[in-house]
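Okay, got some structures for you below.
Look at the two complexes coming up: chain A is in both, with chain B in one and chain C in the other.
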Partner chain A sequence: MLLELTGITKKYGDFFANKKIDFSLEENEIHAIVGENGAGKTTLMRMLYGMETPTEGSISVRGIKHKINNPNEAIKLGIGMVHQHFMLFPSFTIAENIVFHHEPKKGILYNRKKAEEEVAILAKKYGMNIDPSQLISDAPVGVQQRVEILKVLYQGADIIILDEPTAVLTPLEVKDLLISLRNLSKQGKSIILITHKLNEVMQVTDRVTVLRDGQVTGSLKTKETDTGHLSKLMVGRELAKKEKTEVKVGASILSIEHLNIIENSSKKKLLEDINFQVKAGEIVGIAGVSGNGQSELIAAITGLLQVNEGSIHLADIDITNLSVRQIREAGLAHIPEDRYLWGSAKTASVEDNLMMTEYRKKAFQKNGILHTNVIRKFAKETINKFSIKTTSQEESAQNLSGGNLQKLIAAREIQQNTPFLLAAEPTRGVDIGAMEFIHEQLLMKRNNGDGVLLISSELSEILSIADRVLVMFEGKIVGEFTQADVSDEKISLLMAGGKHEQG
Partner chain B sequence: MNKVKNSASKMMQPLLAIVVGLIVGAIAMVLAGESVLNTYHEMWKGAFGNFYFFTSTLERSIPIILAGLGVAFAFRAGFFNLGAEGQLVLGAVTTAIVVVYLPFTGVIAIIIAIFSGMVIAGLWSFFAGWMEQRFQINLLISTLLLNYIAVLFAGYLVSEPFRDTSSAGGVPQSVMINDAVKLPALFEGTNLHMGFIFAVVATIILAFIIKRTTFGYEVRMLGQNRFFAQYGGINRKKVMFTSMLISGMLAGLGGGVEVLGMHYRFIEGALTTPQFAWTGLMAALLANSNPIGTAVMAIFLAALDTGSLGVERNTDVPNAISDIIQAVLIIFISARFTFTFLKLKKKEGKKHGKSI
Partner chain C sequence: MESLFDLSLINSTLRMMAPLLLAGLGGAICARVGIFNVGLDGLMLMGAFLGIAANVLFENLILATLFAVIGTAIFSLILGYLIINLQANMIVVGIALNFLSIGITTFTLRTMFDVKGAYYDNEMAGLPVIHIPIIREIPIIGNIFSGQTPIVYLGILITILLFFFFRSTVLGSRYDAVGINLTAAKSQGIKVKAIQYQAIIISAVLCALGGVQLSLGQVTMFSENMTAGRGFIALVATMLGQSNPFGVFLSSGLFGFTEAISIRMQSMNIPTNFTLMLPYVITIVAMFIFKDKTQLNALKNNTGSTR
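Moving on, here comes the complex of A and B:
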């Protein structure tokens, strides 16, 4: 056995993040770990990678017991990890990021040429397409992902841990990644893959281990299981099929006319003549490969980016270029694309993070003095209602698992009961149970007669809950479908820049 | 329970710094061939040994606390105000001049004089904030450089137009204030004056503002993630201007009460030579900008100063011993800052690589 974890337990205070976990990995194996948000997947891997020490249990690599005290020791044992969020230097080139800390030298100087050669050879060997001299800040997310993997390979890892690598990727990039993983395992590498997407598990893995509440609830051969069985092991119950009721569409809530955004320096049009409406009682989905103007559209609607031309109306108020606060007061709620950058303050408590959109409201303050008791009660109720897993509401947000932080943000925004909700990647990184819950909440909002704009790179998400779908490509809206005539193929074609054939 | 544990671990860092500081101090004493126990005993006696020493320590802590609170408050909002020294001095000189030229004396005069000092000091700090907003001038640099202007200008004021000419020669200083506008001592025969009450009240008010008000919430969120604050509709400009203003006013208050309670006039160098502002900065940093922690640290650092005077009086160890201990504390603070700075760099990285 290449790798064997026995009886691993990790306690944070009185809380068991991992409890007596057994896990093994064979040579050339791709082994998936699945489980709900906060089940303890990342924690287990952090221990394997030397970032945390187990409270109990042992780790053996190639039959020898090891105590792994830090990532360097893990790397020496041939263990490498690609984290849930990337850790790259944006102003460095791809090659520099990959060789970082293990740079080839010429005398005492960094040997750029050699580094780029070595990186190119490595990339070729594993069939990954990159340009070593490109800057990370210019590289799309899919490429950055490859860089993270190459970095680990460059360090000589045989065991590669990937923590939710597909959550930020477009469907096409996911396909590439899965092919790369297959390649890697053929060339002698062993892979641990954490993911919430069970179809990926079925496609590439050999074995699956399911965690729930820090414990193993099943470890099976992929061939001998199916997604239904896995989700039951994860959630402890069968998932219900969504019922979508008919709702009468009302007046326009969000209305965008001739919106243009032009980049300051390059004069490039980031958004070009955008026109659409979101009406009461409907969920409008925007599909598109990320990076085609969605971020700019979100920023323009929410007041984070200056609009050059055109107008945006929210519930009959002209909100074009108003301040964020004014727009929120006009009736905006906003689940942001990036939960760490925009959506939360990592070092602040769960309670403080929940209060961001509430603290000015009458119920929570009087003359600027906060009602701490009311706030405490409110936070507690929200945590329960959305089953956000946290040891307490004083816990700082950075100790929440990725999916639980996402749930917190979704909870905060959905609960506001505003006439309009902009939900950008609302279920990124959340488990299937939570995804179902968030989708239910979005539908409930729609049924209440509110408008929802759903921006997602997850096509299946848009197809399952949107009433109307717009497709974005290179800053423009290139197609519109009603739920009746929408299909996977039609959208995929437009997303990739193909022409829309009418009829 | 978690809360207790959290704050316990937050307190560990400064405590650790202090313990290591004291150990290094001990090593220095051994090297100098002195008895460690004896020296620390003398230090303790010098700082807290009798009622008089104790009140002197508290008196010394007043400007340190107030300057420290100012630094702490701006820092909580994410702004590094290095201008406490200039603000302290401007507050002091303004108070000293205003109180002399007011046509009346008494409580009202005291209030007006102190308040004018606070306003001028606050505006000085506000000015740095305005320049960063308007011209993107780095706060760290502007607040630091404004110190020189403020200190030299105050020195000029008491050397030329407002100089006390009754005593020829000597250090430039303003005229002595009237007895009726002196801040009363808290205890007969000690230096400890009303200013200490102000400092304690300011500490409590600040702690309350940060923890329990909507403005405090905005300050904390802006300080912890300004993008999150922007996303939530917090007006960075407003919070910045207000927090810089308050920050400067606190330092100015420190200067004002020193004039009315301790020196009874503005003496050039009296507030800068003892490094009150920088010690306050250190207290704030050691305490992670927690107001109550800042006040406690300020008293500790003041005790180190007064204690080392005691050491010098009664042993052969020079009072540089206090500098050695403080140097260790500074190393601790800078280590922590380098660490957070590196983490911040990484975070900037993440801004590009999208986090999941």
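Moving on, here comes the complex of A and C:
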């Protein structure tokens, strides 16, 4: 056996993040770990990678017991980890990122030329297409993910841990990645893959281990199981297929006319003549490969970016270039794209994060003095309702698992009860149970007669809950579909820059 | 009447800018590893004081400089421990360090030398002025570069060395990496704390040299709070120069120039209140014109998450 974890327990205070976990990995195997948000997947892997020490239990690699005290020791044992959040240096080149901490040297000097050559050879060997001299900040997310994997390979890892590598990728990029993983295992690497997407598990893995509440609830051969069984092991119940009811579409809530945004320095058009409406009782989805203007559109609607031409109306109010607060008061709630950058204050408590957009409301304050009891009760109810897993309300947000923080932000914004919700990647990194719940909440909002704009790089998400789908490409809206005539292929084609066939 | 601009103005600019340059480079190193070092002024003051005190004790300029450098480096460990290990707010710690430094130097001055305000001794030797043999003979360049203290030349040398350090060495790139994304550097097994300590200690050494230039180079005395905010001007030089060694050289040159010219204007019957104001006015104006992203990054006090 290549790798064996026995009886691993990790306690944070009185809380068991992992409890007596047994896990093993064979040579050339792709082994999936699945489980709900906060089940303890990342924690387990952090211990294997030396970023955390187990409270109890042992780790053995190739039959020999090891205490792994820091990432350096893990790397020496041939263990590499691609983290849930990218660990890259934006202003470094791709080659510099890959060779980091193992740079080719000439004396004390950095041999950048050799670095680029070595990286090019490595990329070729594993069939990954990259340009070593490109800056990371200029590289699309899919390429950044490849860089993360190449980095681990460059360090000579045989055991590669991937923590939710597909969460931020587009369907096409996911396909590429899964092919790469297969290739890697053929070339002698062993892979641990953490993911919430069970179809990926079924496609590439040999074995699956399911965690729930820090414990193993099943470890099976992929061939001998199916997604239904796995989700039952994960959540502890069968998932219901959601029914969409017909809702009468009402007046327009968000209406955007001839919106243009031009970059200051390069005069490039980031958004070009965007026109669309979101009506009451409607979920409008925007599909597109990330980086085609979605972020700018979000920033324009929420008041984070100056609009050059055109107008944005929320209900009857012209919100073009108003301040963020004015726009929110006009009736906008917003689940931001990036949970750490825009969505939360990492070092603030769970409770404070929940209150961030609420505290000004009458129920929670009087003349600037907060009603702490009311707030505490409200926070507690929200945490229960959205089943956000946290050790306490005072826990700082950065200690929440990625998916749980996402749930917190979604909960906060959905509970605003505003007539309009802008949901950008609302289920990024959340488990299937929570995804189902968030989708239900979005549908409930729509059934209430509110408008929802859903921006997602997850095509299946858009197809399953949107009433109308717009496709964005290079800053323009290049296609519109109603739910009746939408299909996977049609959208994929437009997303890739193909022409909309009339007919 | 003496003219306002001539070649010796450049010569005195070099002399005036040296302390700013050294402290500014110290600030730049810290900024590159993600630390916003507001304590430059205090470190410089400590260096200036230790230089004089040690010179009185040992009557040896090399030993005095060495003593100042080592003493200040040890003093800077307070800053390091609070910022790096205890994760305290960098600005608060930096300002506290500045006040601590004023307190310690003033107190010691009074107990050790039994004087208030300033200590000077006519007998005491200051840093020697070097005339570089060949350069001295070249007509214009000779006027500009010759006749400075060793610390001024050292400042120029360190600027060049630091530039190559960041551009071409492996360690330099790791320093940058720590400043850009601390969590990522840590996750790759980099000893982040060690690097941040190194940066703080190097900045203390540079500040101490700057302080010695003030107390033993430009004059031969120590007066209470004699840096008079130069550490803050150096901090501005760091920002203006975008934490790039040559950038810091140019911006501290600008401040050194205003200082030199304000002295000259005093001798031309322009009110001293006005001329003394000049460096600070330029600093404020410069802050409006230039914005620096690296400083903002340093301020964000990286506590990223890998989850």
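In the analysis below, the second predicted complex is superposed on the first by the 503 of 503 C-alpha atoms of A that agree within 3 Å, B and C clash if a C-alpha of one lies under 4 Å from a C-alpha of the other, contacts with A are read in each partner's own complex, and residues count from 1 in each chain.
Criterion: contacts are C-beta pairs under 8 Å (C-beta built on N, C-alpha and C of every residue); 3 or more make two chains touch, one makes a residue touch a chain.
These figures come from a predicted structure and were not determined experimentally.
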item	value
Chain A as common anchor, with chain B and chain C clashing or fitting	clash
Chain B versus chain C as contact partner of A:10, first or second or both or neither	neither
Contacts of A:212 with chain B and chain C, given as first, second, both or neither	neither
Touching partner for A:407 - first (chain B), second (chain C), both, neither	neither
Touched partner set for A:108, first chain B, second chain C, both or neither	second
Partner chain(s) touched by A:189 [first = chain B, second = chain C, both, neither]	neither
Partner chain(s) touched by A:323 [first = chain B, second = chain C, both, neither]	first
Partner chain(s) touched by A:75 [first = chain B, second = chain C, both, neither]	second
Touched partner set for A:346, first chain B, second chain C, both or neither	both
Contacts of A:89 with chain B and chain C, given as first, second, both or neither	both
Residues of chain A touched, compared between chain B and chain C (which is higher)	B
Segment of chain B that clashes with chain C, given the candidates 61-69, 97-105, 151-159 or 277-285	277-285
Contacts on chain A seen with chain B and repeated with chain C across the two complexes	84-90, 340, 346-347, 402
Touching residues on chain A, where the partner in the complex is chain B	13, 84-90, 136-137, 141, 144, 164, 167-168, 302-304, 323-325, 327-328, 334, 336-348, 352, 355-357, 359-360, 365, 368-370, 372, 391-392, 394-395, 402, 428-429
Contacting residues of chain C [partner chain A, same complex]	168-174, 176-177, 180-181, 183-190, 303-307
Residue ranges of chain A in contact with chain C within the complex	42, 46, 51, 70-72, 75, 81, 83-92, 96, 100-101, 103, 105, 108-110, 340, 346-347, 398, 400-402
Residue ranges of chain B in contact with chain A within the complex	1-3, 5-6, 212-215, 217, 220-221, 224-225, 227-235, 346, 348-356
